[in-house]
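Chains: A, B, C and D, in written order; residue numbering restarts at 1 for each.
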Amino acid sequence: MELPSTISIASSLFLPIVSFFLGIIYGYEIRKVSARLQSRRGPWLLVPKSLRGTLGVTRLFQPLYDIIKLLCKESLLPSTSTKGLFRSSPYIALICVIVAAAFTPVATYSHLASFELSLVVILYLLLGVPFAFILGGAASASPWGVIGSQREAELMLGYETPLVIAAFSIATMADSLSVQKIIDVQATRLPFLLLNPLAAVAFLVAIIGKLHLKPFDVPEAEVEIVAGPVTEYGGRLLAIIEIVKTFLIAICVGLFIALFLAGGLVPGYEKLFSIPTFLLEGLLIVLVMTMIHTLNPRFRIDQALIWYVRVPTILAISGLVWAYAFRHFFPAFI
Amino acid sequence: MRLGLKEKARAYSPWIFHAHAGGCNNCDIELAACFAPRFDLERMGIQLRNNPRHADIFLVTGPAPKQIAPILRRVYDQLPNPKVAIACGSCAITGGVYNRDDKKPNYAIGGPVEKLIPIDVLVPGCPPRPESIIDGIMLALEKLRHR
Amino acid sequence: MKYGVVKLTKELLRNAIHPVTVNYPAKKESLGALTEIADESRGKHRFDEIKCVGCGACTIVCSSSAITESDSDLERTLSVEIGRCIFCGRCRDICPEKGLELTPEFEMSKKGQSANDCIKVEHSVPLGTCDKCGRTTFPIGQIEAVRKRVNEKIDPANLVIVNKDMEIFMRYCPDCRRTASYAFKTHPRKSY
Amino acid sequence: MGHSEDIINELNQRLGTDFEFKAGTKIYWFYTNRERVREIAKYLTGEFKARLIHVSVIDRGLNGYEVIYHYSLDHLDQYVHFNVKVQLPPEEPEIESISDIAPEASWSEREMMEFTPVRFIDHPDPRHLWLPYEWPNAVESEKCEHFVDKNGKLPFAADTAQKLERSLIPLGPYHPLLIEGAYFRVKLNGETITDVDVKLGWNHRGIMKLFEGRSYSRGVFLAERVCGICNVTHTTAYLNAVETLGGIEIPDRARYIRTLMAELERIHSHLLWLGVAGDLIGFKTLFMLSLKAREQVLDIFESLTGSRRAPAMNLIGGIRKDVKGEVITKTNRRLQTMKKETAKLIEIVYNHPLTRKRLQDIGKLDLFTAKNAGAVGPTARASGWKLDIRQSSPYAAYGPEYTTWDIVTDEGGDVWSRTIVRLKEILVSADILVQCLKALDNTTGPISIEAADPKNFKFNEALGKAEAPRGELVYYVVSDGSNIPYSVRIRTPSFRNNALLPKLLRGHTLADAPIIIGSIDPCYACTDRIFTITDSGAKKNSNVATSSQFTWSQ
C-alpha cells in the first residue's frame, strides 16, 4: 500500500459527507414509500403553496431537518445515569460510522477501500455501533434502556453471524478482503448477486436487522419498551444517534452494492457511469427493505433470534459452502 | 421575514408527544385518525413520538383528573426546550362537560390543563375533528419557531 | 399461510397508486373534507341576527353550561363559550325560533394561554324597558314572538281582548304589573 | 307460568324471602338481612349459575346504606335479574364480603369501600383501587408496602428492584402501550412476567357524582362522555334504565335507529381495536389499513348525525333525527365498501404467518376461569361462553321479532381467538345493519314519544343493560321523584375484564404484555368513571372530596 496522498485524504474526508446525504435520501425514501404503501401521502415532495410560509418548499430532506432541529435542542441528562458513558457513547458510535463511511466505496470511489483488509475494518466498525448503543442504554439507568440494551445484544448475536459469514463467502469467491478488489473482480465478470444469491439474501436480511427495520425492530419496540436504548436520550445526543442511523443506512446499502452489485459498475461502460447505477441500485435496495418493513409485524425477541439462526445463518453458511464449491469447480471463472 | 435554518428546522420537523390526561378517549382516537391514511400528518413531517424526551409538541387531551395532574406536570418537564403545549378538546381547555361551572368544581378534576402547565394553543371541539387538530398544530408550529 | 403476505403485497401496491389522504388545507368551497356528505354539521355556532329573539332556551338545555345569558343596561347577551361546548347540537334542536345554527366551520383553534383566549360566539338582543319605572324587562324580539304565536293559536273570538291585555303585559315589568294591577285592570280579581 | 316464576317459587321455598315483584320488567328486588347474604350468594351462584354483575351501595342519608347485589339469571330466562338488598344502619355499616364465593365481587366491593363508609369484612384485598393509596381511608394492609414508600407516596419510574433476581417494571401511567393512563406494576424475571398488580384511577372524573347534579335529559350527554369509543352504548344503557323507570316504550323506528347506531359503533370499535392490536404487535400497516376502513363508518356517522364521533342521537323516549330517504341508500353503499375492506383485512390477518405467530397461544383464558372471574363481552365469548346481552336480555331492536343473528364464539381462549371473535362480529354487525336499514325503509311512525314527568315515574329504581363492544354494560339508576337522579351506578365491561389481566399476563414475556393487555380491549375511560357520596351520613368521604391538602394545582 502506497503512502496516503492528498487526494486520498481529501476523498476520505469527502466520502462521509456524501454517505450522509445518501443516507438522508434513503431515510426519506423509507418514510415516503412506506407511507404510500399504507395509502397515505408521506412527507410531501412539494408542499402546497398556502403552507410554504410555515413548512418550506419540499420535505425531501426531512431526516436532515430532524437532525438540525435536535441539534438545536436542549439535552437532558437523567440524574441516575452514569453521565460520562451516557454522554460519550453516541460519539463513539459516530466516530465508528464516519470511519466506516470513509472505507465504504460510493460508486466504486474510495481510496481507503483498496486497503487490503478494508472489508474486515468495515465489519468491525459497524459492530461498534450496536456496542455503543448497548453501552448508552445501560448507562441511562432507565428500565427501558436496560431492557432495550439486552434485546439489542441478543439481536446482535442473531444478525452479525449471517452478516459476517455472507461477507466472507464473497471474499472467498473474490479471493480478497479488500472491498475495491471485490468490486474489480465483479467488474470483469458477473456480479456476485447472480453468482452467490444465497449469501446476498442472507446479507440483506442481516442488514435489515442491523438497521432495526421491521420485523426486527425489537430493540426499539415502541409499545413495549418506549424507545429501547435511546429512551433517555434527547436533544443533541439524540441528534448524534440520528446521524449515526443515517450513516448506517448509507453504509449498509453501499456495502451491499459493493459486495454484490459490483459497486454500480456495468461491464463495458465507463467508471463514471457507475454513479447513476449506484444511486438507482441503492434506491431499489431500500425499496425492497421498505417493502419488508411495511409487510411485517414485529418478531418477539426469542422468535427473531431463532429465525435468524434458522434461516439467514443457514443461508449464509450454504453460501460459504457454495463459494468454496464454486472456487473448486470453476477456478478459471474467478 | 427571514428565518434562520434553526427556526426553519423547528417548524419543519415537529414531533408530538400525546399526553392523555383523563377524558373520554374521543380526542385520542381523533388524534389517531390524524395519523391514519385520511388525515395523514406525516406529510408535514410530523411524527407521533411516545417518548417525552424526543418531543417538541406536548398535546394534552382530557380534563386532568387529580391523580394524573402531578404526573402530567412531571412529563411536561421532561420535554427538552424549546417546546409548546396544545390543549386539545373542550375538557382540556375548561373541563368541559366534567366541570359544571367554576364556582362548583368537580372534586375529581385537578385541571383544567392551563392550571398545571403553560398552554400555547387551544383546540376546541368535543371531540375536535382531525382538520381542527391539524389547524391547531399549524398554529403551534408558528409559536415553536420563535421559541 | 404465505398466501396472506402475497395478498397483502397486492393490496399495498394498489394502495400506493390511490392514496386516500384528503387535501390540506381543504378548498374553501368544501370546508373540511367530508362536511358535504352531512346535511347537518356541528361546528361553530352562529346566531341568526333576525331570528334569534334572546329567549334563553338554549342556556337551559346546554349539557355543559357553555351557553350563558347576561343582561346589561339595554341588551341581553347570549354567549357560547366554544372552549366548553361539547357540540351536541341540542341548542339548535330546542331553539323555538330556529335562530341558532351550527355551521360547518370546525377550525376554531387559537393561540392563547387560558380558556379566556378561546373563541366566544356572542349575540346581543335589545331589551325592552318598562314604561312605568324604566327598568329593563324582556328582549323585544321575544315579546313580539310570543305575541305572534299567541295570535296564531288563539280563538279569533277572543283576539281583541287578549291583544289588549297583552299590550299591557308586555309594556311593563313584572313588578309594576303587580303593584299597578288595579290601574291596568289586569288584577286576577278584577272580575269580582 | 313463566320460567322466571318457577325460580321465584323455588327461591321462596328455600330461603323464604319476600319479593318485590315488578311486572313487565322481570327484575326482582328483595330485602334480606346481612346475615343471609353469603347464603344467598352461595345458593344463587352455585345452583342457578347466576352471574353477579355488580355490588352497589346507595347512601340513604339518615336511613343508612343500602347494599344491592345484582344477580343476573338471564341465561335461564330473558331479562330475569335478582337484586338482593341489604339495609345497613349508618352507625355500623359493615357487611361480610362475598368475594370468596363469587370472585367477581372483589373489585366491585373494593370500589364501594373506597367511596362509601361501608366496610366489607374479610375482603382479601381491601386496598384502594381508584383513589391514590395515600388518600384518607386507605386501608393498611400487607400488600400496601409494595406500592407505598415511607412517605406514603407512589413510586414511579424510580422503582428499584426489591430483590436482586427480579426487576420491577412500571407500565404506566404514561406508556406507549396504552394511550390512557393505567399503572401496571410488573415483576420480571429476565423477560418473563412473574407477577402483576393493577392500579386504576388515573382517569377518575367523578362522573357518577356529576349525574346526581343533572336532569335526566342532560344526563344523556354526560353518559355519552363516559367513554368516547362506546358512547352510543352508554347512552342506550342509561336510557334503558331511565325508560324502565318511566315505563316508556319507545316506537319501533327509534328502536331500529338505536340499533343502527350501536352496531355502527361496534364495527368502529372493533376496527379500531384491530388497528391498535396491529400496532401493539408492531404491524403499523394493519393499523393504517383498518383505520382506513374505519373512516367509512365515521362517514356513515357523519352523514346520519352530522358529527364524526359522539353522535348524540339518543334521547329519552326515542331518538333525535330520523334516518330516511336518500341517506339509506348512501349508507348501504358505504357499508358495502366497508365490508369489502374488512373482508380484505380479515383475509390478511388470517393468512399472515407472523400475526398468527404473535397472537396464538398467549394470554390463555379457559372457560372455567372466565366464568369464575366474570369475564364479559368478546373476552368471554372467545373462551366459548355464549354470553351476549343482546340475546339474553334484548333491548332496542335486537329481539327475535326485529332482527335475526347469531352469537359469535370461539373455543381457543387465547388472543388469537379474541381477534377472530371480534373480526367475525364485524361481519355479524354489518348483517344486522343491513336488516335495520331494510326495516327502516319499510316502517313508518314517530321517532320519539313524549318523555314522562319524573314525578310520575312508575318505579323508583331500574337496571339498564346494553352490550358494549367490550361486553356487558350496566347502569343502575335510582330516582327520588325529582327531575335529577338520586343515584347512578355504572358497571362497565372493562372494569370486569381488567380484573382478569394479572391472570392472563403471568408467565408470558414482556414483549407479549402489550398485546395481551390490548386483547381484552381495555378502556380506562370506561373503567375510571366513579362517584363519591357527599352526604351528612358520609362525613369521612366528603373529607376526601374537599380536603384542601389535595390541591394539586401548581
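FYI, contacts are C-beta pairs under 8 Å (C-beta built on N, C-alpha and C of every residue); 3 or more make two chains touch, one makes a residue touch a chain.
Note that this is a predicted model, so its numbers are computed, not measured.
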| item | value |
| --- | --- |
| Those chains which touch chain C and also touch chain A | B, D |
| Innermost chain, taking as reference the mean of every protein Cα atom displayed | B |
| Greatest separation from chain A - chain, by CA centre | C |
| Contact pairs, highest-scoring chain pair | B-D |
| Distance between chain centroids, defined by C-alpha means - chain C, chain D (Å) | 35 |
| Length of the line joining the C-alpha centres of chain A and chain D, rounded to whole Å | 49 |
| Euclidean distance of C-alpha centroids - chain B vs chain C, Å | 30 |
| Per-residue multi-chain contacts in chain A, two or more chains | 37-41, 51, 222-223, 226, 294-295 |
| Junction residues of chain C - those touching two or more other chains | 5, 8, 12, 15, 19-21, 24, 63-64, 86-87 |
| Residues of chain D touching at least two other chains | 175-176, 221-222, 225, 285, 288-289, 292, 295, 308, 310, 352, 355 |
| Pairwise touch network: line, ring, star, complete, or other | complete |
| Residue numbers on chain A that touch chain B, as the complex places them | 31, 35, 38-44, 51, 54-56, 59, 62, 65-66, 68-69, 72-76, 222-223, 226-227, 231-235, 238 |
| Contact footprint of chain B on chain D as seen in their complex | 131-132, 156, 173-176, 179-181, 201-207, 209-210, 213, 221-222, 225-229, 231, 272, 275, 287-288, 291-292, 294-295, 298, 308-310, 523, 525, 528, 530, 532, 534, 544-546, 550, 552-554 |
| Sites on chain D touched by chain A in the complex | 157-159, 167, 169-170, 175-177, 191, 278-286, 288-289, 292, 352, 354-355, 357-358, 509-514 |
| Contact footprint of chain D on chain B as seen in their complex | 18-30, 32-33, 36-38, 50-52, 62-63, 65-71, 75, 96-98, 100, 106-110, 115-116, 126-127, 129 |
| Chain C - residues contacting chain B, complex | 19-22, 24, 26, 32-33, 63-65, 81-87, 106-115, 117-119 |
